[in-house]
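Next come two complexes built around subunit A: one with subunit B, the other with subunit C.
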Partner chain A sequence: MTKPIDTSIYTAVTDAIRTEAQRILSEGQVSAIVGYAAARRKGSAQPIVISQPDDAAKLIFTPACVNNLAVYLTKAKKEIPKSGKIGIVVKGCDLKALSGLMGESQLKREDIYLIGVPCAGVLASTVQPATELTTDSIAPKCTECDAHLPTGCDFVPAQTPVAADLEKKYAAEITRLEALTPAERWAYWKEQFSKCIKCYACRQVCPFCFCEQCLCDRNKPQMVDTTPRPAGNTAWHIVRAMHLAGRCAGCAECERVCPMDIPLNLLNRKMAKELKELYDHEAGFEVLDKGPLNMFTEKDDQSFIK
Partner chain B sequence: MSRIGVFICHCGENISRTVDVERVAQEVGKLPGVAFSTDYKYMCSDPGQNLLKKAIQDQKLSHIVVAACSPRMHEKTFRKAVEAAGLNPFLCEMANIREHCSWVHENKEEATVKAVEIVGMMVERVKKNRVLPTITVPVTKRALVIGGGIAGIQAALDIADCGHEVILVEREPSIGGHMAQLSETFPTLDCSQCIMTPKMVDVANHPRIKLYTYSEIELVEGYIGNFQVTIKRKARSVNEDTCTGCGVCMEKCPVRKIPNKFDCNLGMRPAIYVPFPQAVPNTPVIDRENCIKFKTGKCGLCQKVCGPGAVDYEQEDSLVVEAVGAIVVATGFDLYTIDEKPKGSAIKGYGEFGHGKIPDVIDGMTFERLASASGPTGGKILRPSDGREPKQIVFIQCIGSRAREKGISYCSKVCCMYTAKHTMLYHHKVHDGQAYVFFMDARTPGKSYDEFWRRSIEEEEAVYIRGMVSRLYQKGDKIVVMGSDIAVGVQVEIEADMVVLATAVQPQKGADLLAQKLGISYDKYNFYSEAHAKLRPVECATAGIYLAGACQGPKDIPETVGQASAAAAKVMTLFSKDKLEREPIVARVKESGCVGCFACKKVCAYGAVEEKEIRDRQGNLIKTVAFVNPGVCAGCGTCQATCPSKCVELDGYTDEQVIAMIEAL
Partner chain C sequence: MHSEKQKHTFEPKIIAFVCTWCTYAGADLAGTSRMQYPSNVRVLKFPCTGRIDPVFILKAFQQGADGVLVSGCHPGDCHYIAGNFHARRRFAVFRKLLEFVGVDLNRLQFSWVSAAEGGKWVEVVTDLTEKVRAMGPMTEFKELAMEEQWSGAIDTPELKEAYNQI
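Right after this comes the complex of A and B.
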């Protein structure tokens, strides 16, 4: 049964973000702020970079603020020129990505001003931006959210998000796939990957795809076939899932931007589940010096050594 | 264009029995790029190597593949031969058609096809091989020895006698270690002090040994041939340069009742003290925790009586940095704490033996102090409780050792021999006394060792009972020891006056922390790991660091001294050249693609990865990338596998080479 989700705090959150943005920009604490602003279509939102205190009024937070803005701070994407400390508006899921980037030496905490957002959820990419946020229209990633209230930020509006108890969509789908035989599972993924057109939108939007030179763009030696054919498609998505294992923070941007609707976050969630079971690792707000796959402890599972 | 030469070895019959080597040579000869292909009975023999050298010159070969045994066996042999013929040795690869083919197959037809494929892969691989220049790194010809026990002393003396400077660092106020505490030593019963103290004096007087006692390693940076070591010199409160060692301060010190650790807490010492009269250096140290001056600000008597004015209450801990080329780790052992479970450890205690509760239950080292002529009792065996001479004494072996259920599975190796020695010392000093020994087995391999053990039974009247003790308890002034004699199958009960426990040998406390500073590996008990159990027993996997003595595993004195001299020989081998040559199989970072995530740095077990700043001509920072120091890199390839951008290549094992091999299949 469809139930509405309480987003009443978003107005107060928007006001608080504007006041804080205005303050830190006019005090010169930051040179720019990455946030969300209203877009052309009714109810829609888009990323914005502001550098003038007067522009703080443009900032908003609504259920349409789906993007993970962390991607704008990575070197490979080079979206924001490096000019002093930068402010960024982050939901809990986005903050996990930023923590991961800090752990991987891509960002320094002292170079960022974190404006945390208490968030009850955002809209799925399949619905219109002006839709009311309900148990049906909510983004699948939000059904599994454990990070409604970011911590360790420089500023968080004093609002408490009301977290609805929702059916975990990825967990349910993973359980379904795990019950299949390997042949059936292979058939499922073969069909999914056959849709891929190698547009690399998933790579471009991913905060962890910060390599300056993606190995898939190399031709000496050529690791992955670049044409959108089954073998190369499968190789690409498996390589990406492997590279994200133990790093992916679950923002699901890859899945949101995929024009062919490949359930990419499902792969990443399955890897996260494996990491949890094998190494008790979960992406969180804490900055880790070493990721779970970059270290060895005596407790690590060694059952694969026969 | 490559002119590849392929040489197929018969390995006597080892390969040719299952592989048609002539056919392999023919088939491989047809591959593009192969200019010459032949087979020979023993490629590694002198005529075989000459065949290879001659072919390189006659056929003007550019790359070589030798199809024979495992590269672990003969890669060096063939690369040397190739180098002698004027080619870069790293343009030679081996195809393993013995272990990977002939030895594991029976069908000659199929094995031959497989051999052709294995050689074909290596042909494709060798085409991508680059000329690799040998890496040379400069060597600082000074050594650091950590630990001033017999191992460290021996290593330091050997290196210094060879003409090199040595920095010897000891944590305690005096060198000497555990050997200085012992009374007599097996299997000859010569007095430990008599053989030890002259060596200590040699260290103190050696012109090339710089001694830092009461000091600890703070930080180790650098790599083989080029270490920078920061040493913390703890405040001694006595100036080493001016103190004459007259000892007046110790006589006058009003604090007198501090248990002396050197005497296993049986004797007492003042707050300003040397651990034992033969200490080197003979400079006292103030124990600030117990000194009245440090506790209340009053007293100051030692400073008043000190003629040369060496007592300095203001002294502070200081740091010194020393540049060395090699490090010998000789931190030795400690005895297992038997009465309690060490905090945060998987090892359980032996509370049932009453150590720490029953005063006359002591450990082996305490017995050594009782038996020592310079010990707290002047060499008389007396009970700590009432000072009486024990007439019945029970020794129990394997306390902690070989007890998997208690957490230690190894044998401590020295206890069988020292317990036999204890029974003798006891018999020599208490003529009407009786010694009993509970033991599991007697382990006495070693020159004159078994004879020594037999002597304790046959001549010195020790009664050996095979079996363990289940329980002991105080009854009046006796200790009742209950055990079983499994040889006869009866229960035994002895009313003893004293019980000596042969407790397990463990690494020094903090051994793991030192290992982390040094970047060397250690096992679950914190014993340091050697690079190879049989063939590289004194080297660490980390280049330039060597092991001596019980820090690596339980050892007796002869073994320790032998290993210390071996470690010294390894250091001297390193110091015999001005530049160090290393195999150029090392990782290299492609800086253009490196994003500076430093995953490589985090996984490197050798500390070979550094951060390097890339700047433009104006000096502006463009980015910080990873840099692999070729002097430190061991070529393990972990960084290559870890790099998410695939921007680390291991020379000799590049992705291009490996993919070429796969594509050849």
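Right after this comes the complex of A and C.
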């Protein structure tokens, strides 16, 4: 049954973000702020970088603020972080990504000013940005969210989000797939991967895909076929999931931007589940020195090794 | 000394990624000790199991391997101190990923074989070869590759009829 989700705090959150942005920009604490602003269509939102205190009034927070802005602070987008201390508006899931980047020495905590957002959820699709946020229109990642209220930020508005108890969409789908035979799973993924057009939107939008040269772009030796055809597609998606294992923060941007609607985050969630079971690792707000696949213990499970 | 050669209808291709310090030396010992093991295995030597990228396994399957063996030093014996510990975690996770995508894990074997374990090498290789032989050829990745070619699968009735008329 479709039920609306309480987003009444978002107006107060918007006001709080604006006041804080105004203050830190005019005091010169930061040189710029990455946030969300209203776009041209009614109800829509887009990322914006502001550097003038007057522009603080442009900032908003609505259910259409889907983007993970952490990607603008990575190496892949070199221009922005160079201009001094940067403010950034982050939801809980985005903050997990930023913590991951700090753990991988891509960012320094002292170089960023975190404006955390109490978030009750965002839309799955912004095709109709003015849609009301309901249990149907909410992004699947928000149904499994444990980070409605970011912690450890420099500023968090005082509002508390009302977390609705929702059916966990990824967990249910993973359970369904795990119950199938390998041949059935292969058929499922073969169909999904065959849709891929190799646009690499999933890679470009991912905060963790910051390699200067991607393994999948190299052609000497060519490890992954670059053409959008079945073998190369399958290899790309397996390699992508493997490279994000133990790092993915679960912002599900890959899945949101995929023009062919491939359930990419399903692979990421599955890997997260396995890492939780094997090495008790979960993406969180804490900055870890080493990810689960960069470390080891002598007692790690080796029941699969002869 | 040589046991009588048995004829099989299917000879699987097994790719073995091995570490140079332990398993390669172990395989060498099996050879110099004149132990017999299936010639289906193609050994690829790496400095360490930590050097073996999961993408190599993927590539092997894509290029027509029916089974893959990854083998290195026992935990604690790594020439580079911790390479095999890292590999152990990486492959534990990679296995789970392949399983989720639908690859039969019986085709993928991991083992620790030290330089003194020529006998264990023979045992591991024989077991995997026989297991894969019983399973038949690995078709999943080959079919994907075939789909990439114009002359690939003839799957529509019209095409099949036209082909049969030639």
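In this text, the second predicted complex is superposed on the first by the 300 of 306 C-alpha atoms of A that agree within 3 Å, B and C clash if a C-alpha of one lies under 4 Å from a C-alpha of the other, contacts with A are read in each partner's own complex, and residues count from 1 in each chain.
Simple rule for what comes next: contacts are C-beta pairs under 8 Å (C-beta built on N, C-alpha and C of every residue); 3 or more make two chains touch, one makes a residue touch a chain.
Owing to the predicted nature of the structure, the values given are computational and were not obtained by experimental measurement.
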| item | value |
| --- | --- |
| First, second, both or neither for A:E184, with subunit B first and subunit C second | second |
| Touched partner set for A:E274, first subunit B, second subunit C, both or neither | second |
| First (subunit B), second (subunit C), both or neither touched by A:R229 | second |
| Which superposed partner A:K3 touches (first subunit B, second subunit C, both, neither) | neither |
| Which of subunit B and subunit C A:R23 touches, first, second, both or neither | neither |
| Contacts of A:D289 with subunit B and subunit C, given as first, second, both or neither | first |
| Which partner, subunit B or subunit C, touches more subunit A residues | C |
| First, second, both or neither for A:K75, with subunit B first and subunit C second | first |
| First, second, both or neither for A:R109, with subunit B first and subunit C second | neither |
| First, second, both or neither for A:Q213, with subunit B first and subunit C second | first |
| Set intersection of subunit A contacts, subunit C complex versus subunit B complex | 215, 223, 294-295, 298 |
| Contacting residues of subunit A [partner subunit C, same complex] | 177-178, 182-190, 215, 223-225, 227, 229-232, 234-235, 238-239, 241-242, 245-246, 267, 270-271, 274-275, 278-279, 292-296, 298, 300-302, 304-306 |
| Touch list for subunit C against partner subunit A, complex | 53-55, 58-59, 62, 75-76, 82, 85-86, 88-104, 109-112, 124, 140-141, 144-145, 147-148 |
| Contacting residues of subunit B [partner subunit A, same complex] | 524, 592-599, 602-603, 623-624, 642, 644-647, 655-656, 659-660 |
| Residue ranges of subunit A in contact with subunit B within the complex | 75-76, 104-106, 210-215, 218, 220-221, 223, 243, 289-291, 294-295, 298 |
